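Two complexes are shown next, each including subunit A; its partner changes from subunit B in the first to subunit C in the second.
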Partner chain A sequence: MTGSTSDPTAVTHGDRLDHWVSSYATRARSMTASEIRSLFAVASRPEVVSLAGGMPFVQALQADDFADMVAALIRDRGAVALQYGSGQGDVRLREQISSEIMTPVGIAAHPDDVVVTTGSQMALDLVVRVFCDPGDVVLVEAPSYVGALGVFRAYECDIVHVAMDDEGLNPVALEEAIARVLASGRRPKLIYTIPSFHNPAGVTQGAQRRSEVLSVAKKHGILLLEDDPYGLLGFDGPYVDGSAPRAIRADDADGVVYLGSFSKTIASGLRVGWAVAPHGVREKLVLAAESAVLCPSNFSQLTVSQYLATQPWTEQIKIFRELYRERRDALIDSLAALMPEGTQWTVPQGGFYSWVTLPEGLDSRAMLPRAVAALVAYVPGTGFFVDGSGTNYLRLSYCYPEPERIREGVRRLAGVIEGELELLNTFGRTPNASNTKGSDDLVQTPPTNLL
Partner chain B sequence: MTDSRVLVLAGGLSPERDVSIRSGRRVAEALRDNGVEVEVRDVDDSLLASLRIDPPSCVVPLLHGAAGEDGALRDVLDALGVVYVGSSADGCRAAFDKPSSSARLRDKGITVPRSVALPHAAFRELGAAAVLEAFVGSLGLPLVVKPSKGGSALGVTVVRDASELPTAMVGAFAYGDTVMLEEYIDGTEIAVCVIDDGTEVTALPAVEICPDGPFYDYQSRYTAGSTEFFVPARLDAAVVAQAQRIAIAAHTELGLRDLSRADLIVDGHGRVVLLEMCVAPGMTETSLFPQAVVAAGRDLGEVVATLVEVARSRARS
Partner chain C sequence: MTGSTSDPTAVTHGDRLDHWVSSYATRARSMTASEIRSLFAVASRPEVVSLAGGMPFVQALQADDFADMVAALIRDRGAVALQYGSGQGDVRLREQISSEIMTPVGIAAHPDDVVVTTGSQMALDLVVRVFCDPGDVVLVEAPSYVGALGVFRAYECDIVHVAMDDEGLNPVALEEAIARVLASGRRPKLIYTIPSFHNPAGVTQGAQRRSEVLSVAKKHGILLLEDDPYGLLGFDGPYVDGSAPRAIRADDADGVVYLGSFSKTIASGLRVGWAVAPHGVREKLVLAAESAVLCPSNFSQLTVSQYLATQPWTEQIKIFRELYRERRDALIDSLAALMPEGTQWTVPQGGFYSWVTLPEGLDSRAMLPRAVAALVAYVPGTGFFVDGSGTNYLRLSYCYPEPERIREGVRRLAGVIEGELELLNTFGRTPNASNTKGSDDLVQTPPTNLL
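Now for the complex of A and B:
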């Protein structure tokens, strides 16, 4: 074997491997590869207990019945289901949303006030598109839904976090935040809140709290954006009997835009959600929707409509509620039994998530590679903030893994946290520093398996 | 019965899973373009049964991180009598553990950065503050903190102030049990890929790496547009030739086979320093090996197909 070298005399040139690099919009600059996103590729492997993703347990649906229903839909109404539809959404589905789906949360809305969208994520996008110019202030909870933060970021909003407590968005803190924004010569455009079974915090606003939050919004004339994907999935406390928290929109038709979704109550793969909005707002949302996608999927809409008309959907939601209650119990019981001292968590009365506070000094984002190596995944708290905070929090989802897997996942996670505490004891911590290279890579483009 | 099918292994459980999947997809397409029948699959608990029942003519392991580069998988392939492209298990082990690889190459006269490597237990027993202070004294600042194993710059931090060390250490230990502290070499970063076709070990043109950020980190590696590459590198021909000789020497000394990549730095005095050797170079759209192949006037699919033939010949002999 002999050694030789190639002739390095070719023309020297620089190549960025992307010919359009100088053409991208400024907002695309932060759309980059990230270590943290790469770890979620591993979390999809079956060996890993993923307590990260907010994926509903669609295996609980009656698959054969669903298949028969879809087959009948195509056979009987295929020419409609496979065709373009209305930009505002299918009339029959909007009627069902008005007359059946929103009744439990107390909303009485005309079908004309409903805009069907490609998941409520699209509804959120449309609302921000029609209301927010770059630099406009949006008030969000601390922490807030990563997918919403991504939308606000995409439209270059100035996102201001507002403190929460055990009952969700704190109205005093909200008032103070508004005062600070007003004092800076600006006026907030939106208040974004998830009042029921919050993602990621797991807390729920009571009736009094909702009233106080609404009062603050009305006092300052700020539109309230109420995101309610989990409202029908209560299973404990006041909601143990299946009753749903009354929506804020139920008490103010003009000051609130309500976002709903079938992703958690039927199936996320259908991508059907909706917005209920005041007349003028609704008109703009429809025009914006037509501009974005022409119309939401007719096939998905008719599937949902047919499901509501022919399948025992309220019974199915009961099955989901019981299933998620059992998994919530598995998570909370395991946390209580296994977590190191100094760890705290919320106990949700519905929905998918518990919000965990780590012992002081730990950084959930820096800890994630160790967790994935130990075959357990979670979402670091930094993903739910845009200001670099949240390092000592993490979100755990109990919706997808079965109880035994949840217990195993918590056991692994406890070991990871103990190992991290040992490292902290050895090396101490750097004041005001973390391994986070900016908190916005998850916010900018959250992987779908953690929404 | 073995058929002519080539099996590309990509994925695995390492933090570089996503990179591996992209590498696998790219190599598979390149091989297909060269008329090779290719299957791509992940590594899981059904792999061995599959290899026994339906053995391919050759495996191309494109797994990064421990499972792909520590030699374990290749030991298993050897045990099953499965032919594969790339270094043997022993070669992988020699290169994958950076402290021992570095020491071995230093003994052979190759210039590598001064470094130390310690497990967490050593820091705990001796007192981290005192140990780190000693290393800052001996290595100076800035210095590089990195896991002793693994690639894609995961867990790597360039520490410019001693107060940043605790966070950097915790970040590196997140990726492994032993952490390396390495002298920081300021200079031009280059990569030299090596192809070993069984008759000749050839160094491809050097790729010069100019990241927009402070160093060639994960983001710079896998975000198209965030790093500017110059192929061949804008260096004196003599320096490039020296880097190529070092890459070949390291490849040979560590007993590597078929292909490897040397990561080097050329400092302001023209001194060529070898940072590390990689036995499973990335093959993604932004990776260095495919760029070097193109710069050499070759085609990625043709090169990998040649290495497949080399592996098959090795098995026959």
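Now for the complex of A and C:
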């Protein structure tokens, strides 16, 4: 209980003592850097094909038009764009979000129910801040988004995974998970779901499935947290014409908090996302936001607002969709052509990711150093679970590399998997596999190259 | 314990029921909107002279040059500026902060020890997130910054005020406060101080005072949190030539977390601030930041970095200093000319604020509606304390209105105070004064018009 330099419990970080280690809050225990980070630092070298990251391909934007637009904004409205704004976010942008951006997903919300945030990650943080005490149960898909698991851990939540199937979150499994939690004398605070083009699973809930999930949430009076960063980026199946899946929030304004983002439809570097929430919840979110950052950046917000008002943004989203469809095809086609028998993968109808199941006995985390040595990177499945499962899964992203690079990456990955299978057939196991059982050291850390 | 619509504890917010009221976290109890907010909404009308807000006068920037610079940035480095970045912040900006921006305050820090955040408010939030469990004691000046008190409350800290004098935080009072906390069987986690051009008190710690404060912190092994948004904005006394007070962090790299901001030296709308922290603490701050927002905006960060690299920023800060000095003079001169006997105020040598002590018996919060009716606004002293004290203080800011408006605002305020004194002399008390005793309802909420 002392932070003085004579503290005998002080520990080293690299070659330096941390004299404050005994002063940290309980929640800081979950804040430890993963060993795997250094591996991903290597994986960002240009010779490595990274199928790991979730960076949107912002190079597809018209940079000259964007530059001219921002310059005009500073000249015309610089005194506002460069000044503090309201904690809830710019009113014109909130109107645009309400009247234009959420129309394709079927949401009709009043601008007063929208809170603009520093990326939708911050909206997620604020929702958990408002709702979750340490030990509160949150229900999440198995697998779930790394960054959401990180937030739930940061607020010391008890994370309970719920099984998915080809249509995403399984309502029967959800009902069973709730029953188990209730039987333990507790009540879940939140159900967190990504219904459209799931990260990392690459699956999408159909209309009937969404209705069933909502029914379970409503029956038990549990708030549904709907995360929808990819909703406008469908390109296949029922979304081939660019139509977006109808949001769950469209059918229940009081039981759902909806999270949206401009990171994948305009540019992630602006850090502009939003939440739509029931009125009382919205009020709490704004107060929490003011405490966290005072207000979101007017510079970024007015840039987004101006972009929506003056640029052909629906055409730009169409360009993104075509680009990502082509890359998805490159991934799926080369997986089909090159992967050894026993490997399976999901075929996403939109978004950024495919979820791969390795042949029985392989361990994606143990395999990662060998993949990086073979100049290809992915995210091991264990990062998307908090319970140590996921060792025979991995996530592949196709959003950033050019199609030719994607094909080369899959070729390299197929070679690595074949090598692992040979080891398995010769020795009965692959090296280091036993070390990774129960590991969840990716979960604390959502570095941006793993989104 | 139910969030269903039949919940008998559901409460109204305006005309709408909040069905989730029983689901909120304990920390959300402090998230309640202040009644005084509606008054400040009125106070933002153009006919009201607001001496309440802390908005920098960004109109003094060269908007055309800024516009050209941002356009060139998007053209040349758009693929980076519009993309996700690292959770710790852009490396070039961190180098500039280390090698240029902190030189005037005497800090020599490695760029690796700098964490860039969405305004320094977020840095403050992250430090408290990393260090403070509910119930942990933090020592703050009396009065202290509204936004910091809001963060400490959001994390359910036990806030203990420490007396100030003409040189800011009083080290004898600090020692006594620590002794009282230790005697209660607890140990303070943080000492939060604004040593330069204090918000709201308008005072500055001299070199000897800083050394004494640091000695007390070190003696007890308590982390010192040094908040320095105004350090480069000195214009009077020892700072007349633009020299900045030496930061406490300059003399102790391991015992101090230093918070800096570009909000007052470039533009608040960019939302770029930073923390400098001991190595182990920095590591925790980055992990906490990634959980909170993934990464700060590259768009804003690269704009700041480009500004520092290509624009005459030291000249611009000189322009700001001259501007604020002129406005400070307008405030202080008109206070001297117009205020009734028994009114006192601090004379700031930099920054944005003067702290006014009303004549005995007056209540700044009870007086505020009458001031707004007389078309002048200020922040009542109660907002800067959590213990209900501060009723006979108020904060005046001179950063945003033109000098002529400042003089008119003081004239109106002097009239209001004279009216109060007449009521006091006639009736022995002013209306509503008793209602405000013990009120701290400003503290939860740092709306941006009260910075």
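Everything below uses one rule, namely that the second predicted complex is superposed on the first by the 423 of 451 C-alpha atoms of A that agree within 3 Å, B and C clash if a C-alpha of one lies under 4 Å from a C-alpha of the other, contacts with A are read in each partner's own complex, and residues count from 1 in each chain.
Going forward, contacts are C-beta pairs under 8 Å (C-beta built on N, C-alpha and C of every residue); 3 or more make two chains touch, one makes a residue touch a chain.
Owing to the predicted nature of the structure, the values given are computational and were not obtained by experimental measurement.
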Open item on the list: For A:Val42, using the defined touch cut-off, is the partner it touches subunit B, subunit C, both, or neither? Pick first, second, both or neither.
Closed with: first
- [ ] Report for A:Thr32: first if it touches subunit B alone, second if subunit C alone, otherwise both or neither.
- [x] both
Open item on the list: Between subunit B and subunit C, whom does A:Thr118 touch in the aligned arrangement: first, second, both, or neither?
Closed with: second
Open item on the list: In the overlaid three-chain picture, which partner chain does A:Arg429 touch, first (subunit B) or second (subunit C), both, or neither?
Closed with: first
- [ ] May I ask you to decide whether A:Asp363 touches subunit B, subunit C, both, or neither, giving the answer as first, second, both or neither?
- [x] first
Open item on the list: Applying the document's definition of touch, where does A:Arg271 land relative to subunit B and subunit C: first, second, both, or neither?
Closed with: second
Task: In the superposition, subunit B vs subunit C on subunit A residues touched - done: C
Open item on the list: Output check: A:Asp18 vs subunit B and subunit C. Expected answer is one of first, second, both, neither. What do you get?
Closed with: both
TODO: Considering only the touch criterion stated at the top, classify A:Gly78 as touching first (subunit B), second (subunit C), both, or neither.
DONE: second
Task: subunit B/subunit C common contact set on subunit A - done: 1-5, 13-14, 16-18, 20-21, 24, 32-33
Task: subunit B partner contacts - residues on subunit A that touch it in the complex - done: 1-6, 8-10, 12-18, 20-21, 24, 32-35, 37-39, 41-42, 45-48, 363, 366-370, 372-373, 375, 420, 422-431, 433-435, 437
Open item on the list: If we count contacts the way the header does, which residues on subunit B are in touch with subunit A in the complex?
Closed with: 13-19, 21, 44, 120, 123-124, 128-129, 154-155, 157, 163-171, 173-175, 196, 199-206, 210, 218-219, 221-234, 237, 240-241, 244-245, 248-249, 252, 285-286, 291, 295-296
Task: Touching residues on subunit C, where the partner in the complex is subunit A - done: 1-5, 7, 11, 13-14, 16-21, 23-28, 31-33, 55-56, 58-59, 61, 63-64, 66-68, 70-75, 78-87, 118-119, 121-122, 125, 129-133, 136, 147, 150-151, 153-154, 187, 189, 220-223, 254, 263, 267-271, 278-281, 283-284, 287-288, 290-300, 303, 444-448, 451
